[in-house]
């Protein structure tokens, strides 16, 4: 096999959410083309919510992405609440944060264990692992079930939450349900240790590849930020208010692809678990930090594959934080709250950290509460440029390993970002070759 | 019938003891702004001055979904009957619901005896109570006559600080003595009768049930059915909440292994569009008006004619449950009378 | 021989496929019954022909119609999987507005570029024949399991044709109309175990309507709750289930 | 007191013969465990079930005099019937019953009998026809009228041929839609009535079983021939789940078909508007 000339064409990368293609063309050692493309059908969500009553906006935008539906719901509710000057209660805020941790758990466990681990074990899916690593698979399903049940109990459903509405919840979890959740979360800590131990045995399969970039996430004084916070960039001192999100995202048309990409201080930036980790790791709990350290993540890292390890760290963190929040909720006693609100005209931005990174929704409403304008900026979109640049650095570094191995690494790179392509395509520019 | 009495405090103590004895005790509890029968965990949950529960207590004898048989798939000799459990005691059944249980008792024991139902019935003691709260849709007084006493083991009557107890059956006697209820003072039965007489319904059926059955004769072609049906969703809410409805569907389910499974029955309703559908997509009751008519005839005529018992016990649930606001038997009869 | 099963997705949020992953341990039972040959979201692999194909998502571009027709040719049984596939789902909201306006709003100056072309959203059965429907946004996991079991046993899966109110009553919920809210339960197709009303949120008919929805009566009921005609149409078209319902 | 044996618990029967009669109708012979008799009367039905699939009410097509076995003909229309079509000889099924009312053959001794059946209606009718022929001397004239949609829909073709040759039976047959191979009558079943000669309405009992649409027309025809309601017996089909008068599906007005039917004298149901 001639490593000087090869063509890679991966049509629809598997084990990612949504459709993406990889194109590489190397002729006699000259790299002619390295491209990350997204041929997903555009879906037009921003136009779909226009003319809709504010009550319907979050349920519609939740359908942008099944995996981040909870995060989309919250970004949407926060934007609407900001536009209408609605102040949520502490109880609502806590419940939302808890539900968001549920989503982080759901998504990270799914991604790391069902989608990435098969790569590290070099099998085509999690199914064969059910036979070779049955204990681990059962452990993973148990954790994943717990994450789903957390979302069920707080949000009413694992995907597309029902109870979370403008200014509160339609229904509260029963104390008994919270107590049982808490008990199981506490028990799951042992399982997490076992799981981390297993990941450690295969973590050496993560390629050794480094490319420094800009890391963007939310940051909050009190906490490792998920639900609240300002925008933070690793290249900038001090935080940026979320209302200024457009300064950060700077959407532009890439000359090489027609996708709307984003950049801030460099050619591209990174959003997601690794960005959060790099920006906020000092706010992790000691245990979650230690788990990362054991897996080779010890402070800032420029290896995009380490995103998967950062996800494991966040799984541990989410479990610990969830237990704390439940204790708070139970300690204060839950109260039925009035979630009625007044419709009024205004514009507002909502931002949350979803599993794949920072997410912005921005709406304008008329005085009847009807949406007149919407803009959503999705993490995967923010990562496309960074994936492209990583590929451009990775291909020359690894092309000597041969076509199959290079292709495998490229697919693995895409999966490391856990891209949520269907999310991003409502304003993705698509190119067909 | 014996008359006894017990102070409300002692009654609560009795309920608490019953719960502590690890028997399954069911009573009326608050559910949001409404009420429902549920397993009691603490005696304070029990709510005896309620308006009406969302579903009637029949759910304990004819569960929403109930396994009749278990089997290994494909092996006809493996059928094995299962009989579920019912609560030991049910507390707080209104006379209408009690009369409805009497009707179900009749239907499930007449002809082929349905031991799945009857077994559960035999296991439970039923403590009724006369309502103290008005419920705008109720018209039980005009429907049930003495039927409630065919099912009740005893009835409570609110006398202020005390409950008067009408002891109906041996089981009733047993539970009254477990309560440490005392034999009534002189005049207790009059006091009970007076308290009962004070209970008035806000609506009433303009006929006795015999008259109702006769009145409905020849009303099949009345224009009202069609007119009313224009608003009907065929959603089945009116029959699903009804204490005297007992139609069911039967379904086989299997485990994921496909190796074993269960034959189950689940509540069904004649107001649903496909209820009388047969192969070839022929529907014997295709029009909503015909279904509405069937429901009212069943309640107001067929059952009365067949069993001499109330087919509708005037609980008012259907009127409450109908989103279209067309299900009230009283309204319908009033309309037919015009 | 285990039936060969494939999953394909078109325009959607992939939340329905996610429900398969959410089956947890039961997914092992499923893979014991069927041979999963194509499921891009969770496994790497392809096959030329399928016994049972699940189609997720709605059809929004001419090239997707061609892809779908090709899949249909290679599938013995084809199942529309989730609201986007069975009814068009939220993607059909787009059809209610002028398509050019929609495109301009999202893509501004680039709206007319050929690759950003979009056709009116179609449900799967507007393009190819569909054998069975698994409704819902997202689908109900138990319903999925029962369909898989039925097919594995050669049984025709039965999809509920009665309204959500039935399941809502069986769960003994307080009716939302009694709580001063509104709900499409009386005309919406059941199968979800009335999950929204059970969480005190009005049904949005994500499974479409029953075969003969009494839409006039629904209109009347909602109007009595002081909903404007515009608000009623929005209620009806959240899942754009049946645009003529709103007429 | 309880549990008494569940009324929903089937006995076991084995398929001893099976063959396709038309594209959609399959003939079955069953034997109960231990060679027991089902103990049915002509016109009754039983609930046949397959564990994991479900249960369906099916008419018993054989005469009670067929000892140690019984026959059925099952049309493939759905879940259970389809699964029954896929079972092979030797497989077992569950059987509950017999249930329902029967054709009052005892009471009809000495009378003329006219059997009018359309399509699969022949299946329940056949048990009465067999019974009458086995006790031929007990009855006067026996007239059999059978109509099928087309020649591919004819059931029990050998028996039809035999009946048509038998001198003590007046056998008339028609198909709705003709075919070059078909030499017989073409037209709906009511066209056969004019071919009956010397009809003595008062001494005749008519049996009518067929698809829902058939009843109205046949009954009008019988009335024209001076038949009274009390001498017309019908068997009606309805959606049925339990077969024992509980589930409510088969109700025609106040009547449960599984209890007071499926066999009814027409005068007993003439005030039931939903009946026909």
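Which chain is which? They are A, B, C and D, in the order written, and residues in each are numbered from 1.
Note that a residue touches a chain if its C-beta (ideal position, glycine included) is under 8 Å from a C-beta of that chain, and two chains touch if they have at least 3 such contacts.
Since we're looking at a predicted model, the values are computed, not measured.
Comparing per-chain C-alpha centres with the mean over every protein C-alpha atom, the closest match is chain C. Interface comparison, A-C against B-C: more C-beta pairs in contact at A-C. Centre-to-centre separation between subunit A and subunit C, using Cα means, comes to 25 Å. Here the CA centre of subunit B is 37 Å from the CA centre of subunit C. One simple way to say how far apart two chains are is to compare their mean CA positions; for subunit A and subunit D this gives 66 Å.
Subunit B and subunit D, compared by their mean Cα positions, are separated by 38 Å. Looking at subunit C, residues 153 sit in touch with two or more other chains.
Contact with two or more other chains is made by residues 73, 254, 258 of subunit B. For subunit A, residues touching at least two other chains: there are none. Of all possible chain pairs, the ones that touch are A-C, B-C, B-D, C-D.
Those residues of subunit A that touch subunit C in the shared complex are 12, 14-19, 40-44, 46-48, 50-53, 56, 59-60, 63-67, 69, 110, 114-115, 118, 124-127, 130, 137-138, 141-142, 144-145, 148, 156-160, 162-163, 165, 170-171, 253, 258, 422-423, 426-427, 429-432. Across the complex, subunit C meets subunit B through its residues 26, 29-30, 32-33, 145-146, 149, 152-153, 161-163, 165-166, 169-170, 172-175, 177-179, 183, 185-187, 210-214, 216-218, 220-221. Across the complex, subunit B meets subunit C through its residues 31-34, 36, 54-55, 59, 64-65, 73, 230-237, 240-241, 253-254, 256-258, 266-267, 269, 272-274, 288, 320-321, 323-324.
Those residues of subunit C that touch subunit A in the shared complex are 9-19, 21-22, 24-25, 27-28, 31, 36, 39-45, 60-61, 64, 89-91, 93-94, 97, 101-103, 105-107, 110, 113, 115-116, 118, 137-138, 195-196, 198-201, 204, 231, 234, 238.
On the side of subunit C, the complex with subunit D involves touching residues 153-156, 158.
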